[in-house]
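One structure, pasted below without further comment.
For reference, chains read A, B and C in written order, and residue numbers begin at 1 within each chain.
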Amino acid sequence: MRVGPLTDSCYTIPRMTDLNPIWDWFRTLHDTTGINLTIFYDPFDRARFFNGFLTSLRLMTVCLVASVVIGVVGAWVQRARFSPLRALTQGYIQFFRNTPPLVQLYFFYFALGSYLRVTGPTGLTVPAVSNFTWAAIGLSLYAGAFNIEIFRAGIEAVPRETIEAAEALGYSRLKAYVYIILPLAFRISLPALNNNLVNLVKTTTIAYAIAVPEMLYVANQIWSDELNVPEMMNVLLVIYVSLVGLLVLVMGRWERAMRVPGYTPS
Amino acid sequence: MAAWTPDQPLVCIRDVHLAFGKVQVLNGMSLDVMQGGVVCIIGPSGAGKSTLLRCVNALVPIDRGSILVEGQEVHDVKLDKLQLRRKVGMVFQQYNLFPHRTALENIMMAPIHVLKRPRGEVEAEARALMRKVRLEGKEDSYPGELSGGQQQRVAIARSLAMQPDIMLFDEVTAALDPETVKEVLVTIRELAEEGMTCMIVTHEMGFAREIADEIYFTDRGVVVEHGPPAEFFANARDPRTRQFLSQIL
Amino acid sequence: MIPNATDLPVLKPFRPGAPLPGGELACAPTFRFPSPHSRSEWRGEGNLDTCASASAWGASAPPLTPAHAVVLVMALAIAIGIGQAAAAPAAPSILATLIKWTPLLAQGFALNIAMSFLAMGIGTVLGFVLGLALISLHRPVRGVAWFLTEFFRNSPWLVLLFYCMLLLPFELRIGDTIVPLPGWMKSTLGLSLAVMANVAELVRGAVNSIPFGQWEAAEALAFTRLQTLRMVILPQCIKRMTPPWMNLYAILTVGTPLASVVGVSEAMTLTGDILAAENRSELLVPMYLYLLLWFFLYCYPIARFTVSLERRFQVR
């Protein structure tokens, strides 16, 4: 059963009718205490919110992956011998670090987006890039700038003696990079990287400002309809804190597993 | 608990046991330090020497046994630890000076804030102490500007400012360059000659032989052998002692 | 930097249990004070790189030479030029429009800065208290402090802002006085909650990075725990905390435009209003770039200053 044209997503709703007893409990909760959690007992709101949740997850995943890729590529470029390229990367990093991500997003969506219009099927111009894509691009570039610095610091933290030893053993520059430097640099930069990724996940909420139907936006729609602001805000807080907390836990585990005894600050 | 008299040992350690997790660090240590005496504790690494000193100072609790300082049980839960630490001074291997204060202030801080003595009096005494450890002129230097040996001497002066009855030295020269080791040892010897009771954990065998009244050799958490230095170094009885001495001398 | 044997321990990363030259443990694992965690945990927040070495983890800022200034001006000029080219011939030039609206934008930006100062101030004070609670000896206090810190660190800032805007009353009645709570004040409070949690984590990390020997030495000198904190530990922490704290401020400043989403009339909102009033599509790119430039010119010197501070304090 597809959700109607009101939401932008293509996700089908799972068979939630099997969980009716749970939904009814929330309805009685509303009847008895006045706590109005329509996202549980009202099928339409439930669908909306779930799709918003999935959109949030999708945005978070895309941004996480893209920003890490940008970080790795950028760290590589920063070591290039061609200095205009280095200057360009440095300019990109400083720009994205010292300006507000919200304004960057607006710039991409409204300013750049106004130039990138194509003619739609009706003959009117429509944006060529959807707001979800702009949000993904903007947030990935933002987090990517931080990641480049993090990876660069990790690479620089690998002691020169280790690299010399690798070269003395006959490793070429590329081989040394792949087998010696990168693994060590990755482990060294893992705490800061995890930090940044957690922050990225939290920053995805600003996509609300350009009407990406992620969780905050959908919650806004719901509380405008149902007038249950406190309940929705609390649900949002709980979900976000749990999501981020889960990510922190997983990242912490991974960090501990990757730790080199006696090498990385333990 | 009978009042302590100077003919009894100042520090009396009996059958102390201590385990960290699965490792038995102290396995029945017993030790006596008479007033005015200098006791040197030597032994291989991991023998629990530093830990023993920390137990005397109540920085580390023990599992079993008793430690009496001036007749008072150190590991009594009702003990006022601050009282104890006014009697027992400790100097650490890593000096542990407070880096954000000058050398003089490091020495003055504790008497002013802990003993609540007036500042003028404390300052005069602190300057005298700096003279005593031969660091006159360095009063306004920060620890970061001093060499290792100088820092260690400031640390000794800092502990002396509390006018303790006994000083504990935990391998104080182990982290120093060979040139600076001597200046610290000279300071400690002068202290001992003035009659300060000292418990010294050290690897400097020559120094131990020269200054100690009694040498204790510990291994794996127990005292293997002890005796006056002349006897100890010449006629060690226990084979473990002899093996250790042959390795280092 | 390979630490010398005679280096001050305060400059070395703390590693309890690391074997000393003599082979014994550097310190006894049973502590009087809660065990300083064996790593200097510097998890930062809000894209905070609150690692002890802020430059290592990303607060690097290359010096701006005149060449850079030329490039920046050229970029802005090109943007304006493109806009100009696309403009209707009778309309006033883009540059003139930007200049015309600058005073209004300055007012909005001033509100951003004011919010950032206020939020930073309130958040730092609260965060300090919370940070001290995080290292308390009493488990319940530590637990509550941990919960609060984790909760506010893990909440997205925009959600916190929404929460404060919608659920805080628009005026407070204390006895007979009525204290109005304007929108920007509520946003500031929301932001200061986030800052509070981050500062608490900074404080905890800084205290944990002080070598255990300092606690031992103070204890051996019969200092009480409060005296130790006040006279030995916290003064050393202030220096360590300053670069990450400034980093936090920069991130807070670039976070203040979030208040525009919840209706506060600051620089971002005003930019939107200006664009709506002018109703010229070729003004979009230059206007947003102009706003970005304002923030860049404010935050970049802060980043540079932070790096220089960090180099001066030289704590790794």
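Heads up, the rule we're going with is that contacts are C-beta pairs under 8 Å (C-beta built on N, C-alpha and C of every residue); 3 or more make two chains touch, one makes a residue touch a chain.
Note that the structure is a prediction, hence the values are computed from the model and not measured.
K.L.:
Graph of touching chains, which shape: line, ring, star, complete, other?
P.N.:
line
K.L.:
Measuring from the mean of all protein Cα atoms shown, which chain centre lies nearest?
P.N.:
Chain C is the most central one.
K.L.:
Could you put a whole-Å number on the gap between the CA centroids of subunit B and subunit C?
P.N.:
45
K.L.:
Just give me the whole-number Å value for how far the CA centre of subunit A lies from that of subunit C.
P.N.:
Each chain reduced to its C-alpha mean, subunit A and subunit C end up 20 Å apart.
K.L.:
For subunit A and subunit B, let me know how many angstrom lie between their CA-based centres, rounded off.
P.N.:
Result: the chain centres lie 56 Å from each other.
K.L.:
Which residue numbers or ranges of subunit A touch two or more of the other chains?
P.N.:
none
K.L.:
Show which residues of subunit C lie in contact with subunit B when the two form their complex.
P.N.:
For this pair, the touching residues of subunit C are 5-6, 8-10, 19-26, 28-30, 32, 211, 213-214, 216-224, 227, 231-232, 235-236, 239.
K.L.:
Taking the touch rule as given, give the residues of subunit C at its contact with subunit A in the complex, in rising order.
P.N.:
Counting only subunit C, the residues touching subunit A are 13, 15, 18, 38-40, 42-51, 55-58, 60-62, 71, 150-151, 154-159, 162-163, 166-167, 250, 254-258, 260-261, 268, 272, 275, 281, 284-285, 287-289, 291-292, 295-296, 299-300, 303.
K.L.:
Where on subunit B does subunit C make contact in their complex?
P.N.:
20-21, 44-51, 54, 57, 59-61, 81-83, 85-86, 88-90, 92-100, 109-110, 113-114, 143-144, 147-148, 151, 155, 158-159, 162, 171, 174-177, 180, 203
K.L.:
Can you name the residues of subunit A that touch subunit C in the complex?
P.N.:
90-91, 94-95, 97-104, 106-107, 110-112, 114-115, 143, 146, 149-150, 153, 156-157, 189, 191-192, 194-196, 198-200, 202-206, 208-209, 216, 229-230, 233, 236-237, 240-241, 244-245, 248, 262, 265-266
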